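Structure below; questions to follow.
Letters A, B and C mark the chains in the order given here, with residues in each chain numbered from 1 onward.
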Amino acid sequence: MTRVHIEGVSKSYDAHPVLHALDLMVDAGYFFTLLGPSGCGKTTLLRLIAGLLDPDAGDIRFDGESVLSRPPEGRNIGMVFQQHVLFPHMTVEENVAFGLRMRGTGIREARPKVNEVLEMVQLAGYNRRFPRQLSGGQQQRVALARAVVVDPVLLLLDEPLSNLDARLRDDMRALLRSVQRSLGITTICVTHDQTEAIELSDRMAVMFDGKIAQEGSPAELFEQPVSAMVAEFLGSTNLLPARLLDRSHAETSLGPVHVRSCPDQLYAAQEDVLLNIRCEHIAILPAVEDAEAPSLARLAGNHVAAEVVSSVYRGGLVFYRMNVDGTPLSVIDRSDRQFVPGARVVLRIPPEHVSVIRDDARTFSS
Amino acid sequence: MKRQRYFGQIALVLAAALFALPFIPLVLASFSFRWHWPDIFPSMWMWEARGTTPFPVGWDYLFSPVSGLGPAFLNTVGIGLATALLATLIALPAARVLARYNFPGKEAVEFFLLVPVIVPQIAVGIGMLMLFIRLGITRSYVGIVLAHLVPTVPYAVRILTSSFQNLDIAYEEQARTLGADRISVLRFIVLPLVMPGLLTALFFGFLISSNVFLLTFLISGGRIETLPTLLFQFIESGAPLDSTTAGLVLIVSIPGLVFLLISDLFARDGRSIGRTPVTSVTIPQGSGGPE
Amino acid sequence: MNRRSGNTRAILLGLAPAVLTLLLLFVGPLLLALVQSFGHAPMFGLQEFPTVRFYRTVLGSRRFQAALWYTLYYALVPTILSTVAGTALAVAASVRMRGSRFLTFFIRLPLVVPYLVGAALVVALFSNGGLIARLLYLLGMIEATGDFPRILFSAGGWGIMLVYLFKQVPFVFIVVLSVLAGMGPEYREAARTLGAGPWRAFRHVVLPRIMPGIVTSSLLVFAFNFQSYEIPYLLGASYPGTLPVEALRRYQLPNLQRRPEAMAYVMVITAFSGVVLFLYLRAYRRWERSRGSL
């Protein structure tokens, strides 16, 4: 198990900076995910760790020892690429054995080890097939086997699931996790898919524009994003401009909202903030009586009256657009009932799921 | 759709017959001794004539030292091999660059590397003759091989570029991360994957070189005969169904025939190489134009 | 990621062998011929550079004008015929059927043999004592070799054009067929389901897609025909020769002082061929743009 330390790493292409003095620490044995939109530099960072690129500045250390002077083949890593993963002119067995052969093992001596990892990825007996005879998912599993067969100190995954269809992706995700757990190998995975990141990782980092915006456990990032960008990137959320009344109350266009306790420095600054309310945390209650509706809008306990604008049913979830006195809210409801557009409902916003974050748009402009 | 298929089949059979049948009288002629007007078949075969004349006839003549076929054949093969090898070596790095890099002026370079295919060979050839006279390399193998580079290098660049385009750089990176050093990457990844293109370029270079007439004719000054220049003389001086010309035509067709057979074999047995063989794809790009 | 730029050294080193080879062996000779055509030939005692005297001599001669028209004619007719025939054959063959690989083997055969082989075949079949004349005699349609129309060695040039057709119908066929194979039958089928008849499906769906292949192949065919030497030399009339034949005749004249005329000839051939190809490509581009593609 290896601890990876990235220290002040910068990288530019043609004077166009991609990474700026980036620091990151990945603890031994962790499944660490770098999440970010394309072009944010996450793949560059992965390639720097692999040694396929050299940083302009900074240091990369495995267990405290700098690896910058070592070429990719000298770093003893396993890497799974996004596409063109298998060598087309080699059989599955030759592909998997490749790393062992490069380390001086004959193909016959390598066989037991090869069979062992093929079994681990549920492809026992596929030794003699050629890559083009395998499905996309099978190819990806062979690629994983090939990467781990050499007992690498570090496993690097570059969008390992992006070329698979939805169902295969679930299987592969589970497989990745179980292989990583059973080998206990430090793993760094790059992806732009937040569900993938959240479900796979022990820890993760969100990257924008060559910088790490936030790092932490998936739950931390999910529940307490530090910025609107992070919150939005993690998907389906409502960001409401608000003004803090006290540590646990804010004034919004919905009226006063009870929030989870505000972080000290934000409270101290007394700035305009955003309330982050994730769509799936809003509960829908049927409206009581039409006549009572107006008074409900100001109900205590974070209840608001709303009108359904649109509703879409998608695989066990219903996606709503709601209108609350002119303020749009998105809600995801996990239930088998479905309100039709025009229906009046009451929304409950649980205070423990309302986090207060800095309004970065306003912060940047000032 | 059914009628269309039927029509297509007939057209194809007719065309195949049209292009293949003319070779049959040549085969007959090559074994004939006497084939006078207005006979549809030879009236006397070469084996019947053996011993009745003091001179070797038909194939016997071709295979005798007098015909000059031996040296012409060896020259053609030797020049073809040297040209193919040189052209491929020269084209290889350029093809890699064209497939892998984007740079300003790339289109101009691509155009420049193709344009010898459409510029009149007579112009290049006459200019080249003057140049080579100054360099003192006319009437030499060196001169002929250099001349043959002009029509072969463009094709080699084309073929190898498409071959390198199929070779995603990710394969090389993948191999590096698995512990392969540069030499091993070349040996285990690049070479096997580029091999079909490399072989095609070699074959194609050989084929073009063995078909070139004008450049050889100009540069050799009649001192070095190849199969095409020999055939040229035979046609110039021979009668319509002359047995030696017919035999020579068949021999001159051998390289092309072998090329076709091999490329068809590769096309059928794609598995040994991993992806669609380049051979079947490149014939069209090549052989129509010159030679 | 653009890790592919900025490697100037690698790019230059990689391109150098091919570019230098062609600079020396292709551009060099053309430049030599060019300066000599303008009168730079000190080794023959000519030092008039630059003069257009030789161009004037060449362009003004009746022999040149005749040669030019015949060259154009011999080049153009087979180009048109082989383009139409090759394309039609490819479209006919594109419907999948059994044994087509075997059949196309014979159609591909002419592609890979020298033009001289075609010349020998045409001589064997179409000369006055050739096999076709004999068949006609057998059928009682002609009495003697002299009754057979002169196909070879005549200004009509059918012998020359037959050789070109022998090599070039297969060429167009193969190029167009490979484009057709690349596009698959779906387009045509989709058009058919939309109510287009076979002809309209071809005209509006297939033809625009194979047009680049047709243009490329016909362009190469014309470029070749215009500059071919050995076929017109062997099978053409003795007067007028085609431009390349005349050019080489000039080159071989014992009077070295007239050598620049040969150079003027080859320069005119090059320029003319270049202009025709350029106009053709431009017309094609226009047509393409008018269709709104690109």
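The rule is short, and it goes like this: a residue touches a chain if its C-beta (ideal position, glycine included) is under 8 Å from a C-beta of that chain, and two chains touch if they have at least 3 such contacts.
Quick caveat: nothing in here was measured; it's all calculated off a predicted structure.
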item: Of B-C and A-B, pair with higher C-beta contact tally; value: B-C
item: From chain B, the most remote chain by mean C-alpha position; value: A
item: Distance between chain centroids, defined by C-alpha means - chain A, chain C (Å); value: 60
item: Distance from chain B to chain A - Cα centre to Cα centre, in angstrom; value: 57
item: Between chain B and chain C, centroid-to-centroid distance (C-alpha), Å; value: 17
item: Shared-contact residues (touching 2 or more other chains) in chain C; value: 2, 5
item: In chain B, residues with contacts to at least two other chains; value: none
item: Touch list for chain C against partner chain B, complex; value: 2, 4-5, 7-8, 10-11, 13-19, 21-22, 25-26, 28-34, 36, 88-89, 91-95, 97, 100-101, 103-117, 119-121, 123-125, 127, 129-131, 133-135, 137-138, 145, 166-175, 177-178, 198, 217, 219-221, 223-224, 226-227, 229-230, 234, 244, 247-248, 251, 262-263, 266-267, 269-270, 273-274, 277
item: For the chain B and chain C complex, residues of the former touching the latter; value: 1, 4-5, 7-9, 11-13, 15-17, 19-20, 22-23, 25-26, 29, 37-40, 89-91, 93-94, 96-98, 100-103, 109, 112-113, 115-131, 146-147, 149-150, 153-154, 157, 207, 210-211, 213-214, 217, 228, 231-232, 234-236, 239-241, 245-246, 249, 252-253, 255-257, 259-260, 264, 281, 283-285, 287-291
item: Chain B partner contacts - residues on chain A that touch it in the complex; value: 50-52, 71-73, 75-79, 81, 83-85, 87-89, 98-99, 102-103, 130, 132, 146-147, 150, 156
item: Residue ranges of chain B touching chain A (in the complex, touch as defined); value: 168, 170-171, 173-181, 184, 188-189, 192-193, 271, 273-275
